[in-house]
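In this document, chain identifiers A, B, C and D correspond to the written order of the chains, with residue numbering beginning at 1 in each.
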Amino acid sequence: MLHNPVIASQGRKLRLAVIGGGPSSFIGTVHRGAALLEEHYEVVASVLSSDPIKSVQYAKDIGIPRGYASAEALFETEVTLKDKADVIAIMTPNNSHFDLVNRALELGFHVMCEKPLTNKVDEALSLVNAVRKHQRECCIAFAYSGYPMIRQAQAMIQAGELGEIRMVQSEYVQGHLAALTQGELEQSNWHMKPDMVGPSLILGDIGTHCYHLAAFVVGREPSEICADIATLVPDRAADDYTGILMRYANGARGSFVITQSAAGADHGLYLRVFGEKGGIEWHQEQPNQLIVRWLDEPTQVLQKGGKGLHEAAKKVSRIAVGHPEGYREAFANLYTDLAEAIVDRENGKQPRSQKRVFPTIEEGAQGVRFVDAALRSHQQNGSWVAIPAAQDDL
Amino acid sequence: MLHNPVIASQGRKLRLAVIGGGPSSFIGTVHRGAALLEEHYEVVASVLSSDPIKSVQYAKDIGIPRGYASAEALFETEVTLKDKADVIAIMTPNNSHFDLVNRALELGFHVMCEKPLTNKVDEALSLVNAVRKHQRECCIAFAYSGYPMIRQAQAMIQAGELGEIRMVQSEYVQGHLAALTQGELEQSNWHMKPDMVGPSLILGDIGTHCYHLAAFVVGREPSEICADIATLVPDRAADDYTGILMRYANGARGSFVITQSAAGADHGLYLRVFGEKGGIEWHQEQPNQLIVRWLDEPTQVLQKGGKGLHEAAKKVSRIAVGHPEGYREAFANLYTDLAEAIVDRENGKQPRSQKRVFPTIEEGAQGVRFVDAALRSHQQNGSWVAIPAAQDDL
Amino acid sequence: MLHNPVIASQGRKLRLAVIGGGPSSFIGTVHRGAALLEEHYEVVASVLSSDPIKSVQYAKDIGIPRGYASAEALFETEVTLKDKADVIAIMTPNNSHFDLVNRALELGFHVMCEKPLTNKVDEALSLVNAVRKHQRECCIAFAYSGYPMIRQAQAMIQAGELGEIRMVQSEYVQGHLAALTQGELEQSNWHMKPDMVGPSLILGDIGTHCYHLAAFVVGREPSEICADIATLVPDRAADDYTGILMRYANGARGSFVITQSAAGADHGLYLRVFGEKGGIEWHQEQPNQLIVRWLDEPTQVLQKGGKGLHEAAKKVSRIAVGHPEGYREAFANLYTDLAEAIVDRENGKQPRSQKRVFPTIEEGAQGVRFVDAALRSHQQNGSWVAIPAAQDDL
Amino acid sequence: MLHNPVIASQGRKLRLAVIGGGPSSFIGTVHRGAALLEEHYEVVASVLSSDPIKSVQYAKDIGIPRGYASAEALFETEVTLKDKADVIAIMTPNNSHFDLVNRALELGFHVMCEKPLTNKVDEALSLVNAVRKHQRECCIAFAYSGYPMIRQAQAMIQAGELGEIRMVQSEYVQGHLAALTQGELEQSNWHMKPDMVGPSLILGDIGTHCYHLAAFVVGREPSEICADIATLVPDRAADDYTGILMRYANGARGSFVITQSAAGADHGLYLRVFGEKGGIEWHQEQPNQLIVRWLDEPTQVLQKGGKGLHEAAKKVSRIAVGHPEGYREAFANLYTDLAEAIVDRENGKQPRSQKRVFPTIEEGAQGVRFVDAALRSHQQNGSWVAIPAAQDDL
């Protein structure tokens, strides 16, 4: 690679504005660092707090040139600038995504939006239409789909290497809410406030990751699910556990176990898929390995940057085999995907978003439908309920 | 330990008769080797085939002194001998367990019986009563409960080290049936014949292991479950997959994923339990380690024979830390448990069977109830159904 | 396998006598259990203590029919019996091996002898000649060579799958002597007494295991070595650490790190070999896996009993893939090897001992030479010294 | 953390100029991305090729504002600018480091320099003096020392948690040169050219990493070493293997195994240290875990960002536990260390470089001495040779 194709095509780095992710936020650092890491973006503008004075001061503190007092101020001013932002990254509370994404698209910005896309199915479907209408690129920050070995798993299944899919398992078993009381939870941040986080804390926060990861890798979604949503920690109002069983149209079966209240657990995201010829297994805590089991051959351990990988996996790993890449590199890969999609679009090429290379607005909307279906099943004491397919009504 | 307490007490090794487990069988070698390994038993008699001639010849071939033509011949003759067998080990097809265990108990033998105890709940409950009536010791070969680190996990939970239990997960994801067609399956052995294996291949064969292991370690059973039983491999009559969600009376939740059709998987039995203070994780393929996570302390990896173990775990490991012990040692521990229980009983001590040290007849019966409940849920398209508690009707 | 070939050939199990390994000994339980496990042997006689009264009592306590007061009493009596022992297993202090092996061979017994074979090179070479002269089978208890995945590694290298060997690494990093004082060590047992354990505690006790394992798998021995022997724990007379570099005649290089004073380490035996086409890696604490790396293909993890194995590995695993086998099974495999060699010899077939299937007397003698060479290098402050090849003077 | 202390102190990001690391280079991407990731630096100037035209073009291609035709052009121009670079990062062939570092220091720039510092001991010592004379900050890119769990290991040993150190092991066993012929090697890049890479390919390229990592963590260096340097791949002029034994002044022992010709190996850097109370173990391929073994307590697995960590480890991890951080984050930590040291110096605080928080010029010089000592030992057929201590002649 003798040059950076994004810059070669634009003659410059892309300009990123961020809304949300103040200095004490985990995700703000992740988004900005990920955008900077691969030298495709510069961070030019920000709204870093709902407090206007803090928002402006924080931008100064961390070296962002244009610190705005509010999202609306950012939109109104940026749209007038000659060197205006190309992309708006949105990492505000879940209930604000709908308005901000809508506004950004209307004004012609491309978008990077945190998951879940929205808290309501109708809002999500409306955003799918907005993206199509305004012809902008929109990436949903399902960050785990950016890992090289997830791309490898996806490519193997697309190529039929596992044969027909029979079984899908994912877990997201974290521990950081295992000891907090309800009061502490409410103090902690907006993730604990139902009006902001949405109808299910656990499903909105991490359940959509399991759903997206499984769908992204397997290339198909369950046709029906049953869910048991519960609160493991006593005296807590929010839900903090979901067990899910799934059925696929081809007869395959699936399951999810999702919690943030498993005392002592760290991150715990895991995906395993079995097909008729073999299976893949991936753990986010060891993301640079993909375990591949075969019906008739010994188990293999594929390594990021190593031997036997598909192009899709090679493309998103930039440092040599054995040098670990982590969460921010996975995130950076989504930013690169988005940059390439923007450049393709501006050059009149078929937008990559239509090739499902990175998590699209449609995938964001399916995540919202998954939450909705799980809640419906739960309200019917675990009855099996259908999930509409992505194409059903769009 | 300066002597073998079993021999010291009896003045001799215990005498074992085996029914089932012919020369080509996996489990026959396992039972006999496990009984011999710790020098508590000698194998004195056998029925090694349903073919009378083969049964006698096989005994000769593998050096068992008294080879009988049939189970009934064994029972009739042994009961008359001065040096008659003390214990009958039963490893015949599931549908024969009820009669054989019954007969053995009536004649005054102690029993080691393979799981599942029976294929029907009423038969299982009847055997519970028979054991109590005849005052014999009966161990069900839930072999995984013999591993030192499973005993450690049980002891930690009994001692309250994890606090109130909140979440239980077990998987048994094997691959050896992933490629066989129905025809091949039927040829292969009795495990594939519904009349012999019972109402569910997958639940009878390995599902009961998950259920027992979780109950043995956690010390409580779910109050209700929902199940999705399926056939993953097309053109197969038998079921080969079950996904299960569980609710415990204290609000804890649980899940099982059980299959033998995961292409490329090896053994795949796994147990994870989280309580309010931490969690344990154990994998049968690395059985000498127990991962222990803590709410406020770093994760520990306990080692069989190593530091920080309860007496219950130390007792069942006889070789030094770092020297692996495997499946047959776990099995041997059940045989040792049974031997000690027999000696205790003969010496008028409280039988260990009442202390739930090893898998008792009651635990065998609960396994049969679990299969029954899963089938009931499945027949109602996954509705939640209750599992009676062990004490409910016994 | 429809019958036990050892029993089929003899019409009975082989009869084993054990010398050493009293009730409080680790290795006694291991030898007897390993011999019993696969149903090829019965234990008929023993000397279980250097105290004659205890020796007889202990036999009674653990159910061995003929308990002798001394080794000489055992030899004198057994040789006269009609059902005399076939094999003598020797697990006494190292300095007694020479006399006992010699005596057993003279009287026509086959032998299983603990490592190191002797404490002196000339004694070892003399025993090589005695085995040849008396035409008996003699197995040295280098137990790790009995593991299925070690047999697999050996078979792969013999078949040229790794190409020319370039690099060999072994470590045996244990911790059980990390905290004992010299006084405690001396009390503990004969392993700490130089006159009994031999010229180097660390090399005699575990260093010979590294050397044998590497030679057994690789099929070649180093031509020269340099050694740094040290005492890591202050105020201790015995050595407890050795670092070794090795050169092979073909230009390959090797290294060993050996200690029992690594605080907190468990067992720590490890072997890694690289050839021009790939490499193998094996850890005794996870003995059922063999990691295989390839120049141009993804890494594989071979499983005992699993896919892609050589016959030599399949033959020594008797239970299904994913069911762990441990240290006593490895030991049992040596006992089976020895049994088969005895039967072959008695049936006039070429003795397996000449095919280097199990650790022979010649391999025992090379272990003694390794200790001798390391000590010579150490005495010359780490100069490189030659190790004679097995065939050089035999 | 409510603001970025580097920016708060300077009122701006630091300005970085890079020399070396063209578009096809692995290390160029790593340095620039690492500098950008934590938002402390912007990349303002570069020399990206020894070909002046390419150097200028490449800067354009990847969006660096000031692309110079040569290092000298960069130095001459930058020094005159108002917004001149603060730091020069040097990643050119090893034989050019001396001149470039010297020049940068003379002109008042701070420096980030790739390892090895130089190819000659006298040059290295001269640079130590230059850094002291010009009072600049200089960080050597021993990147592995930037990992959080390496900082944790260092902090534990500094705090005496392992007690007196007894044993040190490191390996760097890579495979990427296992199959290249000498001709191919010479074509490949400057790493294979002795005049550029220095007197030992293997020691200059990766051996210094082992040495630095061990010294950085343990806080002491060996007093003498013996080395066996070899060429494992036939028909290759360069060395590609080194085995090393080490003795420390306190009686501890150590060993290194270093190669890039282990067919199939990936990265393979590993460090293990045992003290009287326990030991630590770290593998670069799983960098977010530190295994800690204890004399009297169960083994722990510490996690980056997790429980039980020292401040030094917490400080260099910015994303939550269980979210992996990789090689570029480790590198980014060195850039942050350097930024903080620069700010401290400019604010008149004691420079952190004197607290050995990050790899200093003195540590770079000790790496050069290690290579020199290994070569001296090798030339004397593996005799033990002394390594001067850092303070001996500086």
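We take it that contacts are C-beta pairs under 8 Å (C-beta built on N, C-alpha and C of every residue); 3 or more make two chains touch, one makes a residue touch a chain.
Worth saying up front: this structure is predicted, and the values here are computed from it rather than measured.
S.K.: Weigh A-C against A-B on C-beta contact pairs and write down the one with more.
M.R.: Output for the comparison: A-B.
S.K.: With touch defined as above, tell me whether chain B and chain C contact each other through largely the same residue numbers, more than half shared, or through different ones.
M.R.: Same-residue interface.
S.K.: With chain centres taken as the means of their Cα atoms, state the distance from chain B to chain C in Å.
M.R.: From the centre of chain B to the centre of chain C is 34 Å.
S.K.: How big is the gap, in whole Å, between where the Cα atoms of chain A centre and where those of chain C centre?
M.R.: Inter-chain centre distance comes to 55 Å.
S.K.: Just give me the whole-number Å value for how far the CA centre of chain A lies from that of chain B.
M.R.: The computed centroid separation for chain A versus chain B comes out at 43 Å.
S.K.: Which residues does chain D have that touch at least 2 chains other than itself?
M.R.: In chain D, residues 292, 294, 299, 303, 306 touch at least two other chains, as defined above.
S.K.: With touch defined as at the start, can you tell me which chain A residues reach chain B in the complex?
M.R.: Residue positions touching the partner: 162-163, 166-167, 169, 171, 175, 178-179, 226, 228, 230-234, 241, 243, 245, 247, 251-255, 257, 259, 261-265, 274-279, 292-295, 299, 381-384.
S.K.: Please name which positions on chain C make contact with chain B in the complex.
M.R.: The contact residues of chain C facing chain B are 1-4, 7-8, 12-13, 23-24, 26, 29-30, 32-33, 36-39, 58, 61-63, 174, 176, 266-268, 284-288, 303, 306, 318-329.
S.K.: Show me the residue ranges of chain B that touch chain D in the complex, using the header's touch definition.
M.R.: Residue positions touching the partner: 292, 294, 296-303, 306-308.
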